[in-house]
Every structure is written in C-alpha cells, then in structure tokens.
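Presented below are the structures under discussion, each in the form of structure tokens.
Shared between the two complexes below is subunit A, which pairs with subunit B and subunit C, respectively.
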Partner chain A sequence: MNKHSSYVPKGLYPFKTILIISLSLIVVISFYLISSIRTESFIWHFFVKFPNVIGLIGDFFPPDWSYLEQVWPKLFETIHMAIIATTIAVIISIPFSLLTANNVTTTTWIYQFMRFLLNITRTIPDIILAVVFVGLFGIGAFSGIIALIIFAIGILVKLMSEVIETIDMNPTEAIRASGGNGLQTISFAIVPQVLPQFISFSLYVFEINIRASLVLGLVGAGGIGQLLNKEINFMNYPAVSTIIIIVFAVVVVIDYISGKLREGLV
Partner chain B sequence: MIEFQNLSLVYPNGTEGLKNINVKINEGEFVVIVGLSGAGKSTFIRSINRLVTPTNGALFVEDEDVLQLNGKGLRQLRTKIGMIFQSYNLVKRSTVIKNVISGRLGYTGTLQSILNIFSKEDKLLAYENLKRVNIEEKLYNRADELSGGQQQRVSIARVLTQKPKLILADEPVASLDPPTSHQVMKYLKQINVEDNITTIVNLHFIDMAMEYADRIIGMRAGEVVFDGPVSEVTEKTFEEIYGRSIRDEDRRGGVEDE
Partner chain C sequence: MSNQPLTLPKKPKSKLKLVKRVIVLIAIVLIYIWTFSNISIRWESIFSVRTLENIDRIIPRFFQPAFEETGSIMEMMIETIFIAYTGSLAAAVIAVPLAFLCASNMVRNKFLNNIGMWILGAVRAFPEIVLAIIFVAAVGPNPFAGVLAIAIGSTGMLGKLYSEVIESIDMNVIETLEASGANKMQILFYGIMPQVLPEFLSYAIYRFEIDVRASSVLGIVGAGGIGTLITFAYMNRNWEEVGMILLVIIITVTIIDQISGFIRKRLV
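On to the complex of A and B.
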C-alpha cells in the first residue's frame, strides 16, 4: 500500500520515446554542423556581412529612370516569348493530355508510355532546358521559347490529364451508343466538361511562363532576363533596380488580370 | 426485328451475364424486361447495341449479326438504335439543344460536327423533337439547370433526333419520383405507338411493367424465365420471376399529375 503511493511517474513520456527523440535531435544537429563546416557557411555571416549588404543596396538607389527606354523593348520581348510559348504549348497539350488520361486512352501501353514521357519531361528544370537549347540554337529568344514550350507542356498535360480523369463518363457512353466516333465523343462529351479548367490552366501557365522567361534570360535565352544579366555584370546597379521595379510591376499586373479572368471561369 | 440465338455472355471476371438466350422481338413491340438487379436485364439490353460484347451465339438486328460488326458497321447500326439511360447521360455543361442535336452525330462528318456545323434540317428536327416532349422553351438552358424528369425528356428528344428504328431504355425511371416516372413512360409509349418504333425497356416496378408493356420478358440469373404477352401476366408470374413474394418496393405507385 505504502509502496504504491510512494511511486511518482518520472516524466510525461516513456523512456523509449525520450531516447528516440534525443537521438534524432543529436543526429539532426550533427548533420547541420557537418554541413556548415564542410561548406564554410555559418549563419552568423549574415550579420557579420550585413554592412556590405547595406552598402550595396545603397548603390541601387536612386533607380535610373532614363534607362527605361532600353527596358521596354526587352520587356515586350519577354511577354511575346511567353505568349508564343503558351499558345503553342496549349495546342500541343490537347492531344497529349487525352493520351495521358487513363479513361480516354484505354490501351495500357500507350497510356504508360505517355505517362513515362511526361514524367521525364517534368523532371528537367526549365533553366536546364534553356541551357541545352541555347547550346543547340544559339543565344536569343528562340531558344527561350522552345525551352518554355517544353516546360509548359509538362505542367499543362499533367494538370489536364488529371482533370480529364475525373470527368463524368456517362455522356461518352450515350454518344457512343448513338453511333458517334471517337473524335465526336471527345468533342461533344469530354471537351465541354473540361474546357473551363483548360482555359484557366492555360492562363496559369502563361503567368508561370512570364516569370520563367525572366530567369531563362540569365543563361542567354532572350528577353529582359538577358538585359538584367548584362547590367549586373557591368555593375550598373541603378539600371538593375529600374529593371527589377518594372518587372515586379508587370508581373503583379499580369497575375492580377489573369487571376481575375480565371475566377470568372471556374 | 431482333433475334437472340443461343446468346451467352461471360464477363472477364467469370460472371455469367447471359445464359443461352433465345428471344425474338417483332417490329413495333413494346417489351418490358423485368427482374431483380443483377438478373442480366442491363446486359440483355446493352448486347443489342454492343455496349457489351456477348461471348457466344448470334444476335440479329435488322438482319445483321451485331457480333460480326466492327468500326464503321457498328457505328452505322448504332445510329438506328436509340438508348435512354437511368442517369440521363446528358452533357451537363452543354445546352439542351446541343445535347439533342448530338443525336445526329452518327450521320454527320467528324470535322463538321467538331466545328458544330449542322444542317438546317437537323436543327429543325432537334427543335421539333424538343416540342414533342414539351420542353422547347428550355432550348438554350444548360442541361444541369433542368430537373430529373426534364433531363430525361431531353434525352428522349436526343434519341428521337437519331430517327431510330429501335429504342432501348435501361431503367429510365429509376431516378425519378412516381408522377414523373409515369410521364416519361407515357412519352415512350406514345412514341412507340405513333412512330411504330420497337421499344425495349428495363424496369423493376411490376405495376409500371403491367401498365405500359405489350409483352413482358422475365429474367433471373442471366436466364429468360418468362416470356409472354402482358395479358398472361399475374402477380404470381412476378413472384416466379423474382423467386420471392412481391413487396411494396416492387411497385412504383402514383399517377401522373401535370
């Protein structure tokens, strides 16, 4: 009786749990320390080097507004690239997303092959695509456009085939039963069900393409990114800040318009 | 005329959908297939337009063995066979008129239909058929804005736009309330009589089968266990078909009130 009442539980967790948590913590901290030592990157450098950062930021101001005249043509080139790439990617994606949806493409090997192809496409980052195409087609907007098309197809086909797989298949049965062929079934029973999402995804991919084409310019694939890269290399910081402000404003405006359009659709 | 000759169907998982069916259906008949769910009514009806493929025997529709047809031949046969479904199977986001005119797809070229080009006659036909089921004022409504009974009427108009020789209806009233069910059955019966279109309907309500059928075929476990004119059918017949006594749920009840 006495023995019982004198027992006080040691903690709120069993010993085993405490052991596992402690060990995990030790492992995580060791990994962090090893990584920091090997790369010679320590987080306090942020504070040590902060005065440099402030000095550099000072170089960016005031922005060089007279530089604007040189920004516009390249900015429009970026937008043109995104428009061309999105349009072509959308057209190519239509048959591909049908072939990658398992309720439309019932032949297993075709479907599996298309899935495989799509997954490979999506594992390649857009910047790597741009590097490859700049190597193949030379510096300029064309290489960037090709890279954006492939990048956009990867996203669109993935999104679209998943939407197609969730549609109501009953109307397709009705069209088949009335003597319609495969293409008629697609255009009468499938397309009306997925069209709003398809347009919405296309606008979304356009937004992504605008942002992606900025980055692609850094490796010479045309557009305003190329200009940005040049001015950074010349350390012409007031021009750089002009570019950044303009790009920010344009991306915000395009995202807003496209977002509003998509809201109206779905 | 439709003729089933020793027709059997075994599904890939081994289920026997139809067992050695021998049935002859004459032109202009209104046949109701009754049986519990799983009895093979749906398989029976879907064999006729080859939405399912029987594994043995022969099935003649208009003197053609549907088991031998493929591709274009099969599509041509299907244009002559209209089908009505339990869940209406309309494209919900499309307008009523677009759903109805899709009955012409089997007669229209692929490119034309993708571009939505239909002849004046086709459009007139679609509109006339909407009038026939009294729903022409919903012409430009989206199909999902309509009630269940209205959607089923649109699907009847779609079938009529095919100008079929034969109408198949797979549980056309199972999702509807009693008054609407009678309304839909009356349209089917009226079309059968006026246009002399052979009509085969799956039902599991015995009172509705008695009211609308010329002839009743009873099915149980993939076999035809009764086949005869409605005048020979009594409650006892249904008990034999169902293999149990008749319950309340086997009756639809109610009358049409418009």
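On to the complex of A and C.
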C-alpha cells in the first residue's frame, strides 16, 4: 500500500516523445538562428530599428487627402480588373475543375496530367506572370487581367476539384441509369451539389484578386499599384499613406460584403 | 383513371425570394456594365504587330533558362526561404497570445475578444506587399524589412486559425484539472497545450508554405529575397534569367510543399 502511494509519475510523455520533441526544437531553433543572422533580423534588430519606425510614422502622417482625386480612377481600375479577371477565371475553371476531379474524370492519365499542370501553375508567383505579360502586351490593365486570370484559375480549380471529389455520387449514377448523357449528368447531378461552394469560392478569389492586383501594378500591370509605385519612387509619403488607407478600407469593405454573401450561401 | 396525365404539384413560389433574386440580378448586371464601360484597354496596341514580335522574341528566350546564373539565383532563393522561415516562426509565436485573447472559451470577456479580433482583422486586411513597402521605408531596403512584413502579415491569419482551434478544444479536460486542484500554468501545459499543439504546428507549417511564395515577391519593393533579382532581370529585359528564376521558384516551392505536406500528415 505504502509503495503505491509514494508513486509519483515523472512526466506525462514517454522518453521517445520527449527526445523527438527536443530534437525538432533544436533543429527549429538552430535554423532560426542561422536564418535570422543571414537576414540580419535578430530580435535586437527590431529594438535597434524601432526609432526608425516611429520616425516613419511621422513621415506618413498626416495623409494627403487632396491626393484622393488621383486615387479614385486607379482604384476603380483595380476593382474592374479584379471583376473581369474573376469572371473569366470562373468560366474557364469550370471545365478544368471537372477534369481535375478524379470521380468525374476516370481516365487516370488525363487526371494526373491536369493535377501536374495545376500544381505547376499554382507555384508561379503572380508577380512573375505579370512581368511576363507586361513584356508581351505592354504596360496596362490588359496584362494585369491576364496575369490575374491565370493566378485565379490555379486557386479556383484546386478548391473546386476538391469539392467535386467529395460530392455524393449516387445522383450521378441514378441519372446515368435512367439514360442521361454526360452533360445531363453534370448539370443535374453535380452542379446542384457544388453551386453554393462554387459561388463562395468565386467571391473568395475575387477578394484575393483585389489584393493581388495591388502587387501587379508595381511592375506596370495597371491598377492602384502603379500609382503606389510612382509615389514611393518620388518618396511622396503622405500620398503613399493615402493610398494605403484607401486600399485598407476597400479590402475591409469587400471582405466584409463577400464574407456576408458567403455566409448566406453555404 | 390512368388516362389522366400525371402532374406534379407546382413549386411553391415566394414573392420575397423572387424580388430578392431580381435585385441581385440587377445589381450584378449593373456592376458588369459599370466595369466594361469604364475599363480602358487599348485593344489596337494589344492586337498589333508589335505584340506578335514580342511573343516571337520573348517566349523562346523564356524557355532557354540561363543555367549559368544558377549559383546567384540559388543564393537569393535560400535568402527567400530564410526570410519566410524567420517571419513565419516569429508569427507562429506572436499569434499564440493573440489567439488566446480572441478565444471566447479562454478569455471570458466579450470586449477583449472583440479587441483581439479587430487587431487580427486589421492586420489581415493589409496585403503583405503594402506591409513590405512600409517596412522598407522604415528600416531600409534589406531582408529585415521582408522578415517584418512576413511576420506581421502571417500573424493575422495564424491568430485567427489558432483561436478557432482553441475554441474547439474539449473543455472537460480543463474542468477535470481544475477540480483536482491544478493551477493556471498546469492547466495550460497539461490541459490546453496537448490538445492544440499539433494543429498549431500544422497551421504554422502551412503558413510557412504560403510565406515562401509571398517572400519571393517582396523583393520587388526592395525587401530582400529573389524578388530583387526579378526586378533587375525584368528591367534589363533579360528573359533567360526570368525563366531561370521561375524554374528555381517552381522547384523550390514544390519541394517545400511536399515536405510540409508530409510533416503535416504525420502531425495531425
């Protein structure tokens, strides 16, 4: 009795778990040390540079509100680019997402090929797409729209094909059994099941496109980023802060609207 | 009796729904009209001989990557990974207290929850490139600016995901610990952490994947990493180098995605 009552467990975890955890912790921390030294971003750098951040806030404020007139047209261009790109990307990604879902496309090599293509597309940063298209089509909104379309297709097809893969296949079978052809199967068995998610993802991609189109402008692919780039180069910080505040507001508003719409959908 | 044609009952129609649909439809049509009437695309310059010449000139060069630049490009790519790693690790740590602040089962104070949510929401609304611009202006054009941008940008998303994880934990365990007299620290380490840690790590690694992609872009505004090279190559119209950079990014990102996918599968 006495022997049992004096027993106190050493710890909750077995030795092996502790070993693995400590080893991975050492790896993580040492890699952190290497990378923080290499990037000159050790924690004390933050405190050394902190006065600069404070000084910068002085440069950025107050925002130059008279600059707003120049912001609106470019802002609308950004939104237009995102709308057009999202619309076209949605249309294009419908057949592609069907081809990338392994329960609809039962031919293995087509499915594998599409997967591979999709994975490659998703790894290309949007900025490189924009750089290439600006080189091809010249500076302007068109290059940005094309870059956004490809960028958006990568995300949409991935999300959509995953949804299509999880649908209930019984309706498909039922329609096939009663003599429906391939197109009828898709439109009466698959589309009703995935439509809410599809619209939700389209809105989500629209949100992403708004942010992405900001980056694209930095290399001349149209939109508000172009303006931002110009003002940074002129070190016109009050104007920069006006643009940033407007972008912030637009992103918040659009996220909110599309979030509410998506809540209603799914 | 059997001659009577079979009729299905009519679908119930609600007026309100119809009106709603019409309003939505009109709104969408108006948005599209507004978009297409305002967008300025110079079609004549896009469908011109020059574009064809460009395609002829650029595309072949693009597919002949400049392999002789591999060394310097790899070096910058490693710097990019370091930026992403330092940034996401910092974010993974900063996000924890913010997530606890947001989780309604940890901090039973609606006001504090909302403050936490507001902070995270505000941070998320800033695109990373904008953060990078701000930090480049603050600390100068070096990788440190990129690290700060990645760290702050990732905190928003990680904090939100973490707080959702914390809110979904099994509270019975904590009650049991409380009942047997554990103090706050013990509850944290033996009740909460074991439940949330695997998912925290999984999300942090996932965010690292995203950050590698994000930090490859930040160099465009001078925040270090491979983006710097993209700018130079693009300014010099050096398409072979752009092709090579793209190749390196694709391969690196794919490898990192595979590794992190493997680790995450083991974790959860």
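By definition in this document, the second predicted complex is superposed on the first by the 223 of 266 C-alpha atoms of A that agree within 3 Å, B and C clash if a C-alpha of one lies under 4 Å from a C-alpha of the other, contacts with A are read in each partner's own complex, and residues count from 1 in each chain.
Just so it is clear, a residue touches a chain if its C-beta (ideal position, glycine included) is under 8 Å from a C-beta of that chain, and two chains touch if they have at least 3 such contacts.
Since this is a predicted model, take the numbers as computed values, not measurements.
In the superposition on chain A, A:131 contacts subunit C only, with no contact to subunit B.
Of the two partner chains, neither subunit B nor subunit C is touched by A:110.
Touch criterion not met for A:91: it reaches neither subunit B nor subunit C. In the superposition on chain A, A:36 makes contact with subunit C only, not with subunit B. With both complexes superposed, C is the one of subunit B and subunit C in contact with more subunit A residues. By the touch criterion stated above, A:237 is placed in contact with subunit C alone, subunit B being left untouched.
Applying the stated contact rule after C-alpha superposition, one finds that A:142 touches subunit C and leaves subunit B untouched. Every residue of subunit A that touches subunit C in the complex is listed here, in rising order: 12, 28, 31-32, 34-36, 38-41, 45-46, 49, 52-53, 55-56, 59-60, 76-77, 79-81, 83-84, 87, 119-120, 123-128, 131-132, 135-138, 140-142, 145, 211, 214-215, 218-219, 225, 228, 232, 237, 240, 244, 247-248, 251-252, 255. Residues 49, 51, 75-79, 81-83, 85, 87, 89-94, 98, 102-103, 105-108, 110, 113-114, 155, 158-159, 162 of subunit B are the ones that touch subunit A when the two sit in their complex.
On the subunit C side of its complex with subunit A, the touching residues are 31-32, 34-36, 38-42, 45-46, 50-51, 54-55, 58, 62, 79, 81-83, 85-86, 89, 121-122, 125-127, 129-130, 133-134, 137-140, 142-144, 146-148, 190, 194, 213, 216-217, 220-221, 224, 227, 230, 234, 237, 239, 242, 245-246, 249-250, 253-254, 257.
Within the complex, the subunit A residues that touch subunit B are 168, 170-171, 173-181, 183-184, 187-189, 192-193, 195-196.
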